[in-house]
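Pasting the structures here.
What follows is a pair of complexes built around subunit A, which joins subunit B in one and subunit C in the other.
So, the complex of A and B:
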């Protein structure tokens, strides 16, 4: 594969991401415009002079034609300017960037745990193919899939925080802990984040387990595995060098779709444990009627999912060269 | 294939028998209410229309349905009995549908009923509370009063001034002093309903305990099932309509419309749906209707993909082209050739979509964005129980279990339907 063609396929894939992003922003604009309530009214008390409305409207460019408003919205959104939060009286971008790193770290940790846990459990299930552990894990994953994050979250909080008093039920660190000793600080974070990460990982674990198990099982019954076995290749080598790489491709495509579900789980977990993440910011913004902040959070989450889908596709291209050809033709 | 197996119809019979055994007085009063209402309709139509509230219609429907279900089940037993393999989800689904239909009969109290909070708040499951009743018997004269007295008995209100819950009571002379959580109050003996010179004490049992406002969790759970299932049905139907229609248009016409719709579909898929739902609910306010519309809008993507794929595949099938060239009209093509093929994957997907909606609705209620406080919702019950986690585990356990059981049943049904329709999966 020539580098130029590689670049072309990359640009094509990125262009479709940009198009979806553009559609998302336009969709947000439409939503904002059809929402009830005049934006100018929010700044105006009814006792003030009615001629002020015209002034405020022109200062917000609300008197301009709709397409002008649309273009300036796109321009501002692409520059990262999403207005000023009603509650914090600071630019939305700043407020979101304070909470975004935590959400990304939190979701990423849970994602890695889900992915690896799902793979390991699927391998365990396949080693005991159609025996007790396989059936137990399959049944357990079906059960776990039906347990919503907030139910399992409340259950774990009740068990570990209320009854056993092992883990704290909220917050990210102990109040008043000294910032100097890095080891203690790290352990404190770990202590506080253990339950949230566990709950968020448990929510997606059955999904990855199911994908991995189905995909590995399918590949196990293919002819190339039989051929490798007949040639006396060790089972370990078959699994790690042939079965897993062949299964990864489909699973990474699923992982991109599952991210939206991961974000909703992260949002609920953040609310349960009152963690300083973007999900809780968005939920709190609703009760405060902080519209710019809600729009900002939605857009940021959308961008994150689009980017990670792009990343997932690039990883798949790296794994499977046929996909690049598919994009070029 | 044994015919003696415990079938789903036996199960429904069992449910009905249990309901009748426990709620016979209520059903009797409902029959009386129906008669007095019919008399009222004949004599004074305008008042009858004014008195016709949702609660009255609801309990009448329950009565009619109960009678309607009983009669064929008991008389045509042999025809209906089928030998089906045992499956738990089937029975749970039947029980849930039963609860959905007969909620007022099963619950037998208002979901917002609260009285004497100091005595009844945060009671553990299976606890009983003593109560006495005020003596306010009136002579019932006239059809309207007669009807209203029956209505008060049958259609439960959220407040009842004639009942007092207490912890203990003493009788001194002609006054009754009773304790409510350490507070002492006293009353004249003659104002109460008496039995052998003492106030008649009745025990009220709270099967699954009470919440922080002294409301019965069992009742709220049963009415919550109505809310969850109703929103699930409506939103899944809306998703089906949107996804099906758009998918059919995109698949059948192709071209620019197809590309445009697929891009919009991609956009919805790449959106973290919970943020989208929160955004819309924040803008348009959360009510019963807006929750249904938002959940319906957020679930059309998979149905769109499936319908579009099926239609595109169908367009190139020989039998479809033949049917087209034979000159079948558009309606006939759709009904006879297209729908039977598309229906099976769509049904399976709609079942799963139903489960997703139930889950999303409870998650939204948990976040405080659900249908509102005037309806009991499982998610909202868990949300309010969050504060009392250390004192009252039952406030969270029972609604949580209800959600999990519902989702397990729906997912199992979806898988069964997929297996049933897909011959390749039969092994």
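So, the complex of A and C:
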């Protein structure tokens, strides 16, 4: 009986997610079309015949009434066809699938580093509770949080690429590198992505540090910790088996949201380092009024946000069984 | 437990080992040139060379029948052979006979033939293809859709001789046949409507001095030399890489760091510092782009409502527009922002067109007293002494719309706002995202705006200064002048070059007098390139131009 109810609750959740996505996309579809600007605008040029714009608009079906465009979009989208990107001239799905693996790898790496880095630093701070390192890390994290990514990005590029020449300043891999040797290719990717991942991780790290530090501090002073200590349980066991699991709950809920946001693209880092990620793809699509691609990017981001939150909830349930009980009642 | 101290330590140890083990490998080798471009191209197909970079890349991959180079002495272009080795016009210029070079191959090994040439004209002019030349084959026998009728236009005299017939009475020039030829054997298999999205538009078969090597999307386009090309010479560049770097500061850093070799559109404020570098040359391309203050000459609201024309309540009068041109201190922008990388503009006819431009015109000088008197002649006076001019109870207060990401225009607009205030004119500045700005100008909703025009070479005025507003959507200020229309029409007829130049001078006088917009300044394209490249020729036709002539 219980698994059935659990399943039902997930079905409900999936249905509401699909409904949210449908409403978002429908709203966006109308909004971008009534907003100022026009995908054919770029064909307004002294070099081109003025009738070309009308021709191109008609091939984009923008000359049809809005409801016509909407219904044919819904019809095609439900069959999995999101249309052809106005800028890339290829199916939106293809363009997104080309960009998505990089974004997932990039955001996930940064996310893991933020999460683990924040936890480790919080542990370090607590070990030196209210001593120098604790104060230094708290002050330092505030400073790091206050520095905008474009400033830290340019600084790291200046230091590591221009002065020290250790890391390349842009791109995802060496241009024209042979793809035959997978190991070299992989190392080349890592070499190029070190700085961007570092920048992106540093931006989120202070938040996790603060969350972990405060949560661990709170639990450290709770009675159960005192009880464990009094029973002679080792400090290491107390931290890893009791303090951390008890602190994770709220942080994971936050992490789920944060991961979703990371998945929708890290625009500034992508621009500074010329990386082909979802952030740049979406912003360029907006500035060029590439309607099908805007919808595609939004839909992808929406799905990823929902999935990240789902993942976060699953992890929380795994850690804290009471949540499953809550769901069943 | 996953998060043990040992695991975390090992993780970081592995990371460190990887990164210290890697050597920086993105430095360009001495045999390749890296050109920085701010955005990726859409396609590598000459049919769709809508942007400058697409055209630059096309030029290296695909040959035209003829090529045009800039002649600074005449301020005009000279024609040189490319795929056609020679050509001959008939007595009344109604047809031309070309000889095709016979040793040119496509990159898949097939020879370039006259069939490719004829096919190219057919495809470029086909409405269903929507090429960048759509609608511009006026001189050729064509159907109602402007699609060239091959049977009437082409006569194959032999395997290498082709006669092209033009419409009687038209005035064709060699520009009409200067576009890249495409391979028939590749494109004939693709339905015309699908060419825009076909694989051949992304992985081209080429015949130029370079061949296509690789396109790493949103990263780089890599071209390599074609030793089989007749343009190939010993010592020319082995590879040209167009590297996509969207951020301006990153382009600058990589230029200084020798990671890229050419960057265009530098900010004037950065030019001085770059000049100090021993390895870089700074130069500029003059006279292709001018900034202007656009005045809506007509009542935009009324035009939108019922297409009827009434003068704009502020800018409908030429005298008011003249006064405004006198009330903006353009020199201050040239010295303060452009730092000398620009010159005053009198009209849309650039000083690069040495024989067409009128040397006698003196730029409107900054003269608030004269501006005030012109405004008062038009009825704009400050009777109520509130510091703002008024006419028929209406204050001279308007909004200037500019694009939000252009520091030059923000600088200039702020400056102009202050001097106009001294004159008693209230100008509010509205910054809009580019797409919204174009929308506003295009729909005639803006009263005043600041923007720029990039001028076409060869000179063309019809696209923006012709009175028929429906047929001339780029006449943004909606300037209408029958005298000017007649002159522009005359330029399309069979007249001598000298006569044409005289007409240009007359047109320039009219535009100077009427100031349909306030022509501000010609803005230089400031270019920096690594000294290792020799033979870089920066002409009004571009900097990334005829790159097969570049050497180390």
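For this structure, a couple of remarks:
Here, the second predicted complex is superposed on the first by the 250 of 329 C-alpha atoms of A that agree within 3 Å, B and C clash if a C-alpha of one lies under 4 Å from a C-alpha of the other, contacts with A are read in each partner's own complex, and residues count from 1 in each chain.
Simple rule for what comes next: a contact is a pair of C-beta atoms (placed from the backbone, for glycine too) under 8 Å apart; a residue touches a chain by one contact, two chains touch by 3 or more.
Here the structure is a predicted model, which means the values were calculated and not measured.
Looking at the shared chain after the overlay, A:36 reaches both subunit B and subunit C. Legend: residue contacts after superposition of the two complexes on their common chain; A:120 is shown touching subunit C, with no touch to subunit B.
Which of subunit B and subunit C touches more residues of subunit A is settled by the count: it is C. Judged by the touch definition given at the top, the superposed model places A:194 against subunit C, while subunit B stays out of reach. In the superposed pair of complexes, A:55 makes contact with subunit C only, with no contact to subunit B. In the superposed model, A:208 lies in contact with neither subunit B nor subunit C.
With both structures placed on the common chain, the touch criterion links A:172 to subunit C but leaves subunit B unconnected. By the touch criterion defined above, A:146 lies against subunit B but remains apart from subunit C after alignment on the C-alpha atoms of chain A. When the two structures are aligned on the shared chain, A:158 is found in touch with subunit B and with subunit C. Judged by the touch definition given at the top, the superposed model places A:111 against neither subunit B nor subunit C. Overlaid on A, the two complexes show subunit B and subunit C touching the same residues of subunit A, namely 36, 154, 157-158, 162, 169, 271-272, 287, 289. Of all residues in subunit B, only 263-264, 266-267, 269-276, 278-284, 359, 362-363, 366-369, 379, 382, 385-386, 389-390, 393, 396, 400, 403-404, 407-408, 411-412 touch subunit A in the complex they form. Contact residues on subunit C toward subunit A in their complex (touch as defined above): 1, 3-4, 8, 11, 18-19, 21-22, 24-26, 34, 39, 42-43, 50, 127, 130, 132, 134-136, 196-197, 201-202, 213-214, 216-220, 222, 239, 241, 243-247, 249-250, 253-254, 256-257, 259, 433-436, 438-440, 442, 453-456, 460, 463-464, 471-474. Touching subunit C in their complex are the following residues of subunit A: 36-38, 41-53, 55-56, 59, 84, 87-90, 98-99, 116, 119-120, 154, 157-158, 161-162, 165-177, 187-188, 190-192, 194, 240-241, 244, 271-274, 276, 280-281, 284, 287-289. Note for the complex: subunit A touches subunit B at residues 16, 19-20, 23-24, 27-28, 31-32, 35-36, 142-143, 145-151, 154-155, 157-158, 162, 169, 257, 259-260, 263-264, 267-268, 271-272, 279, 282-283, 285-287, 289, 291, 294-295, 297-298, 301-302, 304-306, 309.
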